[in-house]
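Below, subunit A partners subunit B and then partners subunit C, in two separate complexes.
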Partner chain A sequence: MPEIDFISSQIRKDDDRSTAERVRDRLELTGYLVFFFILFLIGLAIKDAYLLMGYLALVGAGAFMWRKLPRLDQRFRDLVQVHKGQMVLVMSVLLAVYPLIFAHDAYLVHLGALAGIFVIVALGLNITLGFAGLLDVGFAVYFAAGAYTSAQLAVIWDVDFWVGLPLGGLVAAFFGFLVAWPALRVKGHYLAMVTLGYGLMMNILHRNLKGVTNGTDGVINIPAPTIFGHDFLSPITVFGFTLPFQTNFYYLTLILIAITMLISYRLLNSNIGRRWEAMREDDVAAHCFGIDLTFNKVLAFSTGAFFGGIGGAVFAHMIGFVHPDNFILLTSITILAMVLIGGMGSIWGVALGAVLLIMIPERLRDFEVLRMLLFGLSMALIMIFRPQGLFPSQRRRRELESARVEELIKASGKENAHVRPVD
Partner chain B sequence: MEIWLQQLVNALTIGGMYTLVAVGFTLFFGVLGLINFAHGEVFMFGAFVALTVSTAVIAAGMENALFIIVLMFVVSMTVSAALGVGMERVAFRPLRGLPPLLLLVTSLSIGIVIREAIKEFYPEGANPLAFFSPYSFDTFDIGNITISYTQAGLILLSILLVAGVYLLVTKTWLGRAMRATSEDVEAARMMGINVNRVIRDAFIIGSALGAAAGVMNGLYYQSIRFDMGWVMGVKGFTAAVIGGLGNVYGAVYGGYILALFEVLVVALVPNGSQYKDVFVFLILIGILVFRPSGLLGTPQTKVG
Partner chain C sequence: MTKDPRPSPEAAGADQPILRIEGVSKSFGGIRAVQNLNLSVETGEVVAIIGPNGSGKTTFFNLLSGLYPVTSGSIEFDDPPSSLVGLPAHKINELGIARTFQTLRLFPNLTVAENVLIGMNRHLNGGFLQSLLRTPAIVEDEKKAEERATETLGFFGPRLLSMYNEPAYSLSYANRRRLEIARVLASRPKLILLDEPVAGMNPTETAEIMEDIKRINTMGFTVLLIEHDMALVRGVAERVIALDHGTKIAEGSFDDVCNDPEVIEAYLGRGAAAAGGAAPASDAPEARP
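Moving on, here comes the complex of A and B:
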């Protein structure tokens, strides 16, 4: 299928550049990515919270300067746009060596795995919210559904993780399906409120339905997965080089992320993805063109929820303990924030948003008391000053720009119409 | 029978607070199309301001309890109104016209900021704090029901405030401008209404009423906590939805209906107090989905 190019980029896929130029482009892209990855690693390696704050400020200032150089920025975007395959390759290699770099520090590997879980969950919400435009402010429900299902199956019936994982996803998808029915009738704010109420309600049920969830005692002693007789709780030894056992979970999440990204990408560029986008832009028009809104909305909710459940199942088996406090409203807001900060609809952006939102607060543990305050403050600031997210998809960027321009026109029109102030 | 009457009195007290919070939600939604999740935190903030006032005034040697309470209300409502206006100016105005989700998340984030700021910077802010409530143990009887003076005062005050809002919205220029703005911003603008000013005034009124509810909550339960705003926010929002979001008249009865309903659930459902909030959320979802213009329904309400 020929890909429709909505973006006028300076480099074209089908142009007549020589092989040498293409190789140079690829090398240049690799250089950028490695540079960013090293910046990221330096940030992780900084132990002192104050120093880290300074570093983050420095990187933030750097990013700001970067935005002020439109040619460099555009160049990078073009490179990513044209050499997608190269980017995937480089990123895979870099992420695969991550545990080797931090082999001496099990905590950082654990952090990597935790971030990986939330990347999966955030990519799930990205399908519902970013692709189909359906606000879901209760995403922790699906995360919980996956975690509880897989955990209870393993603890009570001794079901293997590899069976519990997809089952967790399916049960979560069912919970998505449940909320999709009432959600069909509402839009915008009302939809957000319905899903928010759903999330709060389910959390109360987690606490009180002791027969299903063990209530506030939580589910404990969840066994770790095994694969081909290799227990996930034993370290990996390669060539006499020992990696901490968290590496198992790290690679598991990495593989699941790859699968999730692939599915996301294929969905977005498939018939279904196009229908979702049409629905997001204008559901009445979409309906007129024969798109079955009911089916597609339910599908979007369930698909997103499925990945939320997968993330939850891995989470349960990695931490070994599931408690209702893991699924409070703040969890839902954090997942939502990952998608919004990353940039709705942009697969790589959302993944990066999830990584940042897990790692930065974890590394700022020294600021324990101020952590939440900083979280709220930075969220509000990002929403106000960069509502399209840090790494928006091109289309989303344009949409918001045009919305803002319309508002500006309205505001300026008001100045003229405003002849005589009232009261 | 007495039990039911007693419950009715309790419902009236709580319902008054719900109503006051709901009026804020409904005003903001009317003029700005915004569900302001920081509103619950304004309620909590108001209670903390009042606590500060009472502590300071008592430390200064003031002893007239009634005067202290009046002062608590006045200062708390003023400061919170300023907070509401500041919030609108700094956070919501730059986002006008952008998709609702961004406004929603911004207001949630601002709520987190207010809550955490109180928790961290107010002395002992992370613990429940005792609230100055001198009349809570003086009671009088009507027939077989016992009412404390605090409760009676709160019921009266909430009815007064609600009546005041009602008059403001129906009888004054400002009220008419607000209704016009919530009906159609563009048309209101063409009629010479300064929409920015109307929005600002809506935030003043809404936040002041929310703060009043916060002080009342403190007086009623005699203790306040940094995290009480969130629950109240959801309840107040539900009350506003019951009355029809954007419809000020609706908010007035929504709060009382919600409170009555809660009391009934606790009384009739086994383990009711545990599942009380589940029912509240079910009502919220049910009404949003099946009767988006409110329980009693008013055709002129805008549905979005």
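Moving on, here comes the complex of A and C:
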């Protein structure tokens, strides 16, 4: 009988391990996360542009060294995989204290909220592209649909943000459905072309359908949300400690990210997610095993678009102004890059990708023309040295009871009691 | 061929063939890949389809599994009969037909377990909302499904079970072929279509797969297979159907079909039969392990 190693990773199922080991692992994971978070905070806190450049280069070099240590990398990913709860807990705490750290700097809190919006949008594309493998190069369409819907509802009909938000998502989902239907005749590069055309076409409509979008005048004076009488444009005061009003939006996006992540995670770990993944891997085989390709592809498009719309709605109410220039091809490509750089299909990875792709170009503003050049260069470097993305998705490991397996192996060669044709 | 008496009640109870095909044709433009094919498969049978390359065997499987639409003719499956003509592939799978592919079509980045779970897809329900809310019923279903997946993988002993959490791309070639079969078994279909299950395998592995197919049949599954390996066909098939240029040229026991002049001609060319040329059957002993 060959030696069977059911779980090739060094970390075994939680239950098999002693409490001491588990606590040590959790502390180790917390250590890693806090360390990365501090690196990130330092990057934000550096005001001098040249110093920041140097810092980025230093972190880049560090990341390169990290890559040279595959065991450390694997260890970190295993820890994240096994102690998901701890990961969520630590990240929640760290992200919740972010506005407290930068209470004196409203711009950084605003930047955090903006990054948060794009995390939601990128997680949406991650469902379409990362899970179902459908390349959508026109994702700004859904972002726009959510933004315009929620904005116009509020401006023209005085509809509350809390109603406009889900409606924005639903309208975006409908726009996803609209493109999915014709687009499903094609796949791969051809699908990318169709969605590219869709994105360009819709942007022309944003500029010219003056009755719906106000054309190039944009929608202005979009009211900020209120909750229990608290206006999102007024600062928060806790224990005599005042936080800038941007903190309201920051926490709103944080909560929406948590919901989006939970939904993504649950979908991925269900029949739905498995069907999507099967389609991504081989759609002919998936079709032959009872997966309705049309339905599941439309579902993936619409679900992804829904979150694009949610992000758009929050964006409209935070900025207070929506303009067709917000939804150009570059927006779509940036969202696509967030997913690719973070790691397709990886929920945490895509979130990281979105944060970096919003924060880095913003912080490099001092360089004017050089800004996009440096940004493009860093993207190219990431893709060369880490083509699977910064934090690639981990394969789920299913736990096996070894006793049961021994029994099955002994029984093999005889009849399997339950493997029979179904009447 | 020695074969265990089949205990399956389905075989005894069935009064009509599980698969009835009448006058099925398929044209691609001017090319007639399958012409006026008649065929029936009884419940519990193992039927092999042989024929030279390009004779329309795989096209026929693609018609049967719904990947290509039928040009004309009727395909009826099961009792009460349902027509398969015009149904998309996923509906056909739901009715209880599952197939393997000549060129492997696994889900390479999914684990061995997940590949099998996809095979089980037609037995798993759980819509969008239930998945989001993760209802207790869904959790229970998923647990049962994983147990069943383990059990199905156990069909091949430790070969696949030991790779449970590994991605399918990391399997050896023979194990990938086995996983294709395991995925079909997980679907627990009424009819299994095997498209060249031993293509590219060595004689030892071929002999093993032959035993596996016999076991599958003993478990009560009906099998229709395409195969070039005559040793395997002789070993497992109760009935052999020979195709050439998309038409059926012979049907019957292995020996009958192999001695059929038309079959010999199809394989070896005109005049070979008259000259007493070797039928495919006589190649078989050498190919045997």
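Here is the rule we go by: the second predicted complex is superposed on the first by the 372 of 423 C-alpha atoms of A that agree within 3 Å, B and C clash if a C-alpha of one lies under 4 Å from a C-alpha of the other, contacts with A are read in each partner's own complex, and residues count from 1 in each chain.
Just so we're on the same page, a contact is a pair of C-beta atoms (placed from the backbone, for glycine too) under 8 Å apart; a residue touches a chain by one contact, two chains touch by 3 or more.
Quick caveat, the model's predicted, so the values are computed rather than measured.
When the shared chain is aligned, subunit B comes close enough to touch A:340, but subunit C does not. Once the two complexes are laid over each other on the shared chain, residue contacts for A:365 go to neither subunit B nor subunit C. By the touch criterion stated above, A:290 is placed in contact with subunit C alone, subunit B being left untouched.
Contact with subunit C, but none with subunit B, is seen for A:282 once the two complexes are overlaid on the shared chain. Using the contact criterion defined above for the overlaid structures, shared-chain residue A:197 touches subunit B, although it does not reach subunit C.
In the superposition on chain A, A:387 makes contact with subunit B only, while subunit C stays out of contact range. In the overlay built on the shared chain, the residue A:68 is in contact with neither subunit B nor subunit C.
By the touch criterion defined above, A:182 reaches subunit B but does not reach subunit C. Put simply, subunit A uses residues 400, 404, 417-423 to touch subunit B in one complex and subunit C in the other.
Residues 129, 135, 137, 182-183, 185-190, 192-194, 197-198, 200-201, 204-205, 208, 329, 333, 336-337, 340, 369-370, 372-373, 375-377, 379-380, 383-384, 387, 400, 403-404, 406-407, 410, 414, 417-423 of subunit A are the ones that touch subunit B when the two sit in their complex. Note for the complex: subunit A touches subunit C at residues 1-2, 4-8, 263, 266-267, 270-275, 277-278, 281-282, 284-293, 299, 395-398, 400, 404-405, 408-409, 411-413, 415-423.
For subunit C in complex with subunit A, the touching residues are 10, 65-67, 88-90, 93-94, 96, 98-99, 101, 105-111, 113-114, 117-119, 121-128, 131-132, 134, 138, 142, 146, 148, 150-158, 161-162, 164-167, 183, 185-190, 215, 218-222. The part of subunit B that touches subunit A in the complex is made up of residues 29, 33, 35, 90-91, 94-102, 104-106, 108-113, 116-117, 120, 173-174, 177, 189-190, 192-195, 197, 230, 234, 237, 241, 271, 274-275, 277-278, 281-282, 284-285, 288-290, 292, 304.
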